[in-house]
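Next come two complexes, and both contain chain A; in the first it sits with chain B, in the second with chain C.
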Partner chain A sequence: MSDDKTDKYRRVAYYPGCALEGTGHAYNRSTRQVGKALGLDLVEVSDWNCCGAMEVKNIDPKIQTYLSSRVMSIAANRMGMDVVMAPCNGCYHNLKKAEYDLAHDPASAEVVGRLSAKAGHDAYRAGQVETIHALDWIKAAIGEEGLRQRVRNGLKGLRVANYYGCMYTRPRHIFPEKDAGPGSESTFEPHFMDDLLAAAGALNVEFPLKTACCGGAHTLSDSDTSTKLVLNILRAAETAGAEVIATECPTCHSGLEMHQIRADRKFGHKTQVKIIYFTQLLGLALGLTARQLGLHENVSDSLELLAAKGLT
Partner chain B sequence: MRALPDIERRLAQLLDGSPCAADAGELLLLAEEVLEQWVCACGEVPTAEHHEGFRLLALHRQGARGRPSFNACRESCRELAYHYNLLTLQVQHADAGARARMMGLLANHLCLFVAGKLQAEGLGEFCCASRPLRAGAG
Partner chain C sequence: MPIHEKSLIRPEDLKTHEQLVVEGVDVSGHWSTFIQTRVIADYNEALEEEVAALPGAEHIHRCWQCGSCTNACTVNALNPDFNPRFWIYLVRLGMQSELLRDKDIIWQCVSCNKCTYACPRDVNPEGVMKALSHWLELKGHTPKSPSMIFDEEFSEQVIRRGRIEEGRLIQRFFKRTGQTLNQEWLVEMVRRLLRHLPLALLARLGLARLLAPRSRGWAAARAAIQDYVGAQQARQRRALGLGERLETGAADAADTTQH
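== the complex of A and B ==
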């Protein structure tokens, strides 16, 4: 990767999204701390709004397209940014979907143009910004070698199952930069989190459910199905020998944490594997403290394990 | 073709015990039956064809035709095929027990996923829980 391209990702518009202000607060905190430790510049999108997530998308997908487009419009037209980084899989997915819709669906562009005029801002035009995930950001701006050079307290062979969830790679057509040959992310077998954590000293286990459904969409309407799906993921991680499941999405993360407890209470299946954001693991490797990274905010209490490994 | 609750019960039995390489055939069959349930619910006759040597993969392709959200279980099906190969080609491998257990968990995930999809059949373009909301809004 050329220096120019690396530079492009060193200063990005940061779109935390709603979840990172609530249940995913530790992800927000650790993402910012890791960025700071790596010398990267996160400029928060001013006056950002909800991406439309599931709730709006399920009722009217074009309204979701507009809401996501407004975030990109502010970044491009008001802030003059080229890249928007969204660490939440849901936000990342929705911004990519909006980008695709605006490039391919005139009806979506018409709705976005009309609502943008009504709201009094410039309509977003496809291609004005590049939306990336936090994984892409660190991979592109720092890379594995750069990370290795900055590691102060390697993860000491901590056995990690990397869980990407379903929205990071699906549907494939909204992620044209993936499956683009060597160096690109794979929608079939994603590996960016594996690459970064391996560079930080973790030992990635083979985890065949890394993109499997966690039942997040069923959490309220059919909690038992969600719990069973999560329990299956937790048991698979333990079968693979993992001590930790690394996550990269606040919805997946809180789902795994909450249903781990519910699986014990409702079905009597206790699992021990800990659930930690990948940014928290990277932060530990970079020498940041557990408190700086919000590890005390996680429901899944990993502090004892991390202390035993000499990581805190 | 067994009903999904029966398949789920049988998988639980296998997982509660100590699955081994010899269970690979039954686990693959159970996974095929899960997909047969889905294909039948879609009003089609389950294919007898094989894709890349597996009927499971042919059934998945059939189940996903015209229903792209069903591709969410594509990797699970491919991992099932991979684990079947591991177990049948390396019967005496030291990790055979863990591999068999992982294959059982993969089959269980497929079963749970399809059961959820069936409950909400035809729902949403991507999120399978969207139908009640859309129907209510309509």
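== the complex of A and C ==
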């Protein structure tokens, strides 16, 4: 990736989103810690609001566009930032979707303009900021080579299945920078998390369900469907020989954790694979402690495995 | 992968003769299977237009029935009756009674967007599924699905405060759908969650439950969103030939007095 991104991404507006203040707290914590350890600067978007997640669009899609646009407007117009980094797949997806709609659909731009005026802030205009995921951030600002140089306690061949979920790659058209040739992310077979964890010393297993769906949208409203989908993912990871599933989304992460227990308790299907945020794994490799990375906050208890591997 | 949709012929429409000889050839049983002639008299000619008036289904007319959506679909892999291509076909033809046979599973779309990724015509089948379940509810063919109840609870919280507090959301959702929080797997999850957590963090999470998070200066945004949603819902009800109803307005008024 080009040098201008390396510099541009060193100081970004940080949009944690609602989940990272609740169930995804460990992701928030490990992202901030990893940023600090890598000398990257995160400036939290002041006074941010929910992006609308998977839900508000079902009440009205343009409200979702407005909610996401307000976050980008604050970053651009109030804070003068030109990159917004969102570690949550849902937030990242919605900001990207809003960006696309505002650039291509005059009706969306009109509604956002009207609502922003009523709400008393500058309307966001397409192109004012670039929205990136935590994966893009580390990949471009530090890169695999940079990471390799900074690794203090490599992951010692820990066998990892990288799980990206739905919102990071679909639908393709809202991610124009993906599928753009060598070095870019692929929507069909994403690899940024694989690249970073390999540089940190993990052994990525051949995992066919990288972008399968965990049923996150119905995790509570149609739990049996979600449990089946998650069980597929867990079993595929175990079959591929993984000890750990690395995640990059709080909804996927807690969905996998929750339905791993549900599959066991309700349907008697036990699985052993541990579920860990990729930032927690990177943090361990950078020499941070389990506690600093919030590993004890995970429902999926990986402390024993990590200790046995000499990683904590 | 070939698409196996022979199941779309309903068993009651299949006719088989146990004993049948046609011009000296024995075609008994399986060999004499025919599909019963059907007369369809209840087309809803407005069906496509009504569904297309709901957000997400604006491009349903583009569908050329290639079946890529069904082939890629996450839920179809679990339940072959979940068939986005087929439902789009029925809507476009106006075959309402046929569509209504599947009314109780359409809401199960998990919004994975595999269909949208695969669709060569930019139909946005994921949006069509949402619009369809919305149409079924607005027309009174189905009760509100648990998913819709969750979406409503979630959106109400966002519109009211700008942010979500998950504990509160889950509690309200379980209450509205009449489920107990005391389910074995849920209790087990909370137990594991609490195992290693320091007291300070627990206190902080508890505090978040009491002091619901909110974005500062949200009141003006809230008013703007409420106006817009109200107007959109009225427009949709008109498009579906339903009377005006100011349900959200009333719910919001109740919420503001609460906080």
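Everything below uses one rule, namely that the second predicted complex is superposed on the first by the 309 of 312 C-alpha atoms of A that agree within 3 Å, B and C clash if a C-alpha of one lies under 4 Å from a C-alpha of the other, contacts with A are read in each partner's own complex, and residues count from 1 in each chain.
Just so we're on the same page, a contact is a pair of C-beta atoms (placed from the backbone, for glycine too) under 8 Å apart; a residue touches a chain by one contact, two chains touch by 3 or more.
Values in this document were obtained by computation on a predicted structure and should not be read as measured data.
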Request  = Once the two structures are overlaid on chain A, check if chain B and chain C clash or fit side by side.
outcome  = clash
Task = Please indicate which partner A:308 is in contact with in the superposed arrangement: first for chain B, second for chain C, both, or neither.
result = neither
Ask   = Does chain B (first) or chain C (second) touch A:235, or do both, or does neither?
value = first
Message = Tell me the contact category for A:107 with respect to chain B and chain C: first, second, both or neither.
response = neither
Ask   = If you stack the two complexes on chain A, which partner ends up touching A:54: first (chain B), second (chain C), both, or neither?
value = both
Inquiry  = Taking the superposition on A as described, I'd like to know which of chain B and chain C A:170 touches: first, second, both or neither.
reply    = both
Query = Can A:262 be said to touch chain B (first), chain C (second), both, or neither?
reply = second
Message = Contact-wise, after the overlay, does A:212 reach chain B, chain C, both or neither (first, second, both, neither)?
response = both
Inquiry  = If we overlay the two complexes on their shared chain A, which of chain B and chain C does A:23 touch? Say first, second, both or neither.
reply    = second
Request  = Examine A:63 and indicate which partner it touches, taking first as chain B and second as chain C; both and neither are also allowed.
outcome  = second
Message = Going by the contact rule stated at the top, is it chain B or chain C that touches a larger number of residues on chain A?
response = C
Ask   = Residue overlap on chain A between the chain B contact set and the chain C contact set?
value = 54, 57-59, 61, 166, 170-171, 212-213, 215, 217-218, 221-222, 225, 228-229
Ask   = In the complex of these two chains, what residues of chain B are touching chain A?
value = 15, 68, 71-73, 75-76, 79, 82-83, 98, 101-102, 105-106, 108-109, 112-113, 115-116, 119, 124-130, 132-134, 137
Residue numbers on chain A that touch chain B, as the complex places them = 54, 57-59, 61, 166, 170-171, 188-189, 208-209, 211-213, 215, 217-218, 221-222, 225, 228-229, 232-233, 235-236, 239-241
Inquiry  = List the residues on chain C that touch chain A in their complex, please.
reply    = 55-56, 74-75, 78, 108, 110-114, 116-117, 127, 130, 134, 145-152, 154-155, 158-159, 162-167, 170, 173-174, 177, 184-185, 188-189, 192-193, 195-198, 201, 205, 208, 213, 215-218, 220-221, 223-225, 227-229, 232
Request  = Would you mind writing out the residues of chain A in touch with chain C in their complex?
outcome  = 18-19, 21-23, 25, 47-50, 52-63, 66-67, 70, 111, 114-115, 118-120, 166-167, 169-172, 187, 212-213, 215-218, 220-222, 225-226, 228-229, 257-258, 261-262, 264-266, 296-297, 299, 301, 303
